[in-house]
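Presented sequentially are two complexes of chain A, the first with chain B as partner and the second with chain C.
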Partner chain A sequence: MSRAAVPRMLLRGWAIQVKDSSSFGFFIMSSLIEPVIFAAIAAYMFRAGNRPDALLYAAIGAGMLGVWIVTLIGSGQALTFLRHAGILELLIVAPVPFVLVLAPITLAAATVGMYSLAATLVWGWLLFDVPLGVEHPWLLLASVPATVIGLGMLGMLMASVFVLFRHANALTNMLGYPVWLASGFLVPVSLLPDWVRPVSWLLPTTWGAEAIRTSMIGGHPLPAIGACLGLAIGYFALAALTVRHFERLARQRASLALA
Partner chain B sequence: MNSARVFFRGGLLAYKALFNFKQTAVYIPTMLISPAFQILFFAYLGRYSGLADDNFFVVGNAIQATAIGCIYGMVLLLGNERQFDTFSAVIATSTRRGALYFGRAVLPIANGIVVTTFVLCTSVLLLDFRMPATALPAFGIVVLVSAVSCAMFGLTLGALALRLKDIWIISNLSYTLMLLLCGANVRPAVLPGWLHAISSCLPLTHGIEAARKVADGAALSQVAGLIGIEALIGGVYALLGYALLRLFEAGDRRGATLITV
Partner chain C sequence: MSVIEADGLRRSYRTSTGVLRRRTHEIEAVRGVSFTIDKGELFGLLGPNGAGKTTTIKMLTTLLLPTAGTGRVLGYDVATETARVRASIGYVFGGDRGLYERLNALDNLRYFADLYAVEPRIQRKRIAEVLDIVGLSGRERERVEGYSRGMRQRLHIARGLLHDPPVIFLDEPTIGVDPVGSRELRTTIAALSAAGKTILLTTHYMFEADALCDRVGIIAKGQLLAQGSPAELKARVADRTVVEIEAHAVTADAVEKLRRIPGVVAVTLDERDDGQLLRVQSASGLELTQTILARLGDARVGRIATREPTLEDAYVDVVTQGTRS
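This part shows the complex of A and B:
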């Protein structure tokens, strides 16, 4: 496979996967409806509490909750979905390195997750008069893809690790709220116990939310964008290793098609 | 005697065969750890918003957490009959339908109570949650009534799940909506009128209000009205769910659509 074909393959794979996920009812519910419900809870809590000024913060945070959930489900179970569809073996034996097959799938999951952000912002604007002004529009245009890439690469690592567990769906069920908390989506990490802070630094969700938030509300998004992309490189390297390990194990044990 | 056997043993068999979360490796993360983190999340959100203290969110979410056992349990125990192509065998039996369908609620109710107990214990350890020991018997009654009421709502959703391709959408959506509407995190009075009206027709709303009062030291007699409304709502959903199941069963027989998903 020539190097020139790689970007085309990534782009095609990503586009097909985005289209496929966008027609999947469960993804639509997770990316469009559930985040809006969480945004409503946060907005009513902030209004009834002492933070009526934090509604934009709530809309962005609730949108990011959805981004994480869709990435978690779409990426964490990517290999399981391929296995159930009966095409995992074909993809493994294809001449393309498997990591390049997996990358567009997890990037697409993070992209579909971004519907959440759009949904909660529009919801806030329509129902709660949340102003949609963007302080740094160009940096927002950089923040969104940086977040998608960061989450997509973490998703790829999850995909390759979770496939070793028979009950990967249980892990995805469990990892929603902890990451919401540790990423500071709706509650600043400074309110949590001190040991949570280093954990939050390792999550692209933390930096992605920070980048999008500061791009919209005001501040300095560039360090967060940089951190997000830096983590993406790290997670890609780790994922490349774990994917190769998974592929080797599956070939050795002839367990590719087994659930 | 046969109906009692179908009620208890049939319920147990259905649970073993159809409840996707029964393995320990799935049960612990999904039914115990996730709701415990749900309480932590909303308690910290409550601290940040300045809306209320930890007790408000712990009690509200602990009662709401019965839904994870009762709603998912009932939806899976009924909806999976269709997904696994076993519904035709179920309705071919001559067993009394009341025992057949309501017997399936026993273990989900027990499950809901286990989840609530677990998350209350973890909240004592991890948050500033305290409740006087003298309130425990009354609190236990509120939890039981709320779990039964929620399971009857689950029966209705389970009946609807027989008609849906994806049973996870209805269970996830209902569970998430209940976080908003049942007063676990936001008092229903704060919601717009139409949402408040929906909220008062849902299970758990009155149970959560009663549980908060009991945790604050109210006697059982002082919350008897709320518990009564909670039980009444559960009764209405029991009738509705049962009627839907019979209706769908008759429709499937008439239209020969038993194995159509």
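This part shows the complex of A and C:
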């Protein structure tokens, strides 16, 4: 495959996955309605704490919770769907490295997760008077894709487990809330035990939330954008190794198909 | 030069039973299968369900690692040179799975064209060509979920042909497709063979194999029991006559009694929606119809016919002898 063909394949794969997920009515409905709950959590928490000035901060954190959950669950579910639909074997048997097939799938899950962030902010503004302002609009335009890429690559590392195991949902379900907490979405990391901080630095969720917050509320988003993209490269490299290893094991254990 | 080579291919699976005291069992699905397929040849792998056809095809398409033995496609090892093998083959399986149902056919084909590095400048032309080959031109903008089973199967074949592979693996492509759809698919497969593609086809429809294949291999219980052209295999049973009886309520005991009639070589009983079909193979020249009817007990009998043996009878003979030994 020529070098020019790779970006085209990634873009098409991403577009196909976003289109496929977006044509599933119930999924979109839950992505748009569930954030009401996230917005309510943010609003009532910070109102109870007499911190109305921090409502936008909290709403972004709540929205990022939605993005992370959709990315994590969506990436795993995408692999489960592909296996059930008999598509996984056809993707594996394509002559491109499977990591390049998987990357757009999890990036698409992170992109669809962004519906959740947008919906949380809109619901917060409509129902709970969350003030919506954007301090650095151009940097917000960079923060959003950087966050999608960071989360997509972390999602890919998780999804690689699904290549080998048919029922890896327990793993992804288990990781939802610890990552949410360690990323400081709603509770600042400074309030958590000291050992959590290094963990939070390794999570693109932490830097993605920081980049979007500083773009909207004010501050310096560029370092967070850089950290998010740097971690994305690291997770991509790690996922490339695990995908390759798990693909070979799956061929050995015959777990690519349903039975 | 052989395009596809299977040399002593073996594959076993591990399964476990029990919850607290788990016991692991090893099941040998394929036990040392060897065959070669030459350039431009259409080779059919025939066998009952669970015979090892799909496992063999999955090893040759790189989806499963062989437990032992080697497989080669165009000289590339299927276990170690996966990228080269994958770039040279088209893989199509039967059934209505394997497609993005909520997307239209065009999106499905474009995506796979990118995965197979079909150049953008020729992609549009190639997609139009494959749609034309499988007779789906004009339907490509419809969502796949609205397609009939036959249309999905044809779309599968179109997907498998996008990169114009020299080698095509077709795993039961007509399964579950209605008779008209099956006939159209067979026409498509015959056209591919005529175009010089090397094809490995698995099926358990004998007339399909008889009509399409240059050579067939009969596989049962993971072993290749016989191989040759349909004519060669039919020659194995040329000295026999087949009595075919449409019946109801034929019991297993009655079938056993038929097997004990002197001169009877094989007996099969197929359950069908509208009754049963009993086939009794015997040495030609023997008139056994009355003897057979006498041993059917209370079974109700419909049409009775005596005919020359077909590939299916050869298949039954090979499988029956193979599973006895």
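Annotations
The definition used in the following text is that the second predicted complex is superposed on the first by the 244 of 259 C-alpha atoms of A that agree within 3 Å, B and C clash if a C-alpha of one lies under 4 Å from a C-alpha of the other, contacts with A are read in each partner's own complex, and residues count from 1 in each chain.
Simple rule for what comes next: contacts are C-beta pairs under 8 Å (C-beta built on N, C-alpha and C of every residue); 3 or more make two chains touch, one makes a residue touch a chain.
The structure displayed is predicted, hence computed values, not measured ones.
In the superposition on chain A, A:I37 makes contact with chain B only, while chain C stays out of contact range. In the superposed model, A:A170 lies in contact with chain B only, and not with chain C. Within the superposed three-chain model, A:L126 lies out of touch with both chain B and chain C [touch as defined at top]. When the two complexes are overlaid on their common chain A, residue A:R47 makes contact with chain B while staying clear of chain C.
In the superposition on chain A, A:P95 makes contact with chain C only, not with chain B. Applying the stated contact rule after C-alpha superposition, one finds that A:S23 touches chain C and leaves chain B untouched.
When the shared chain is aligned, chain C comes close enough to touch A:G13, but chain B does not. Legend: residue contacts after superposition of the two complexes on their common chain; A:L181 is shown touching chain B, with no touch to chain C.
Using the contact criterion defined above for the overlaid structures, shared-chain residue A:A254 touches chain C, although it does not reach chain B.
On chain A, the surface touched by chain B in one complex and the surface touched by chain C in the other have no residue in common. Of all residues in chain A, only 1-2, 5, 8-9, 12-13, 16, 19-20, 23-24, 85-87, 89-96, 101, 248, 251-254, 256-257 touch chain C in the complex they form. Considering their complex, residues 25-26, 29-30, 33-34, 37-38, 40-42, 44-51, 54, 165-167, 169-171, 173-174, 176-178, 180-181, 186-188, 191-192 of chain A touch chain B. On the chain B side of its complex with chain A, the touching residues are 21, 23, 25-26, 28-30, 33-34, 37-38, 40-41, 44-52, 165-166, 168-169, 172-173, 176-177, 179-180, 185-187, 190-191.
Residue ranges on chain C touching chain A, taken from their complex, read 13-14, 61-65, 83, 86-87, 89, 91, 93, 95, 97-103, 107, 110-112, 114-117, 119-120, 159.
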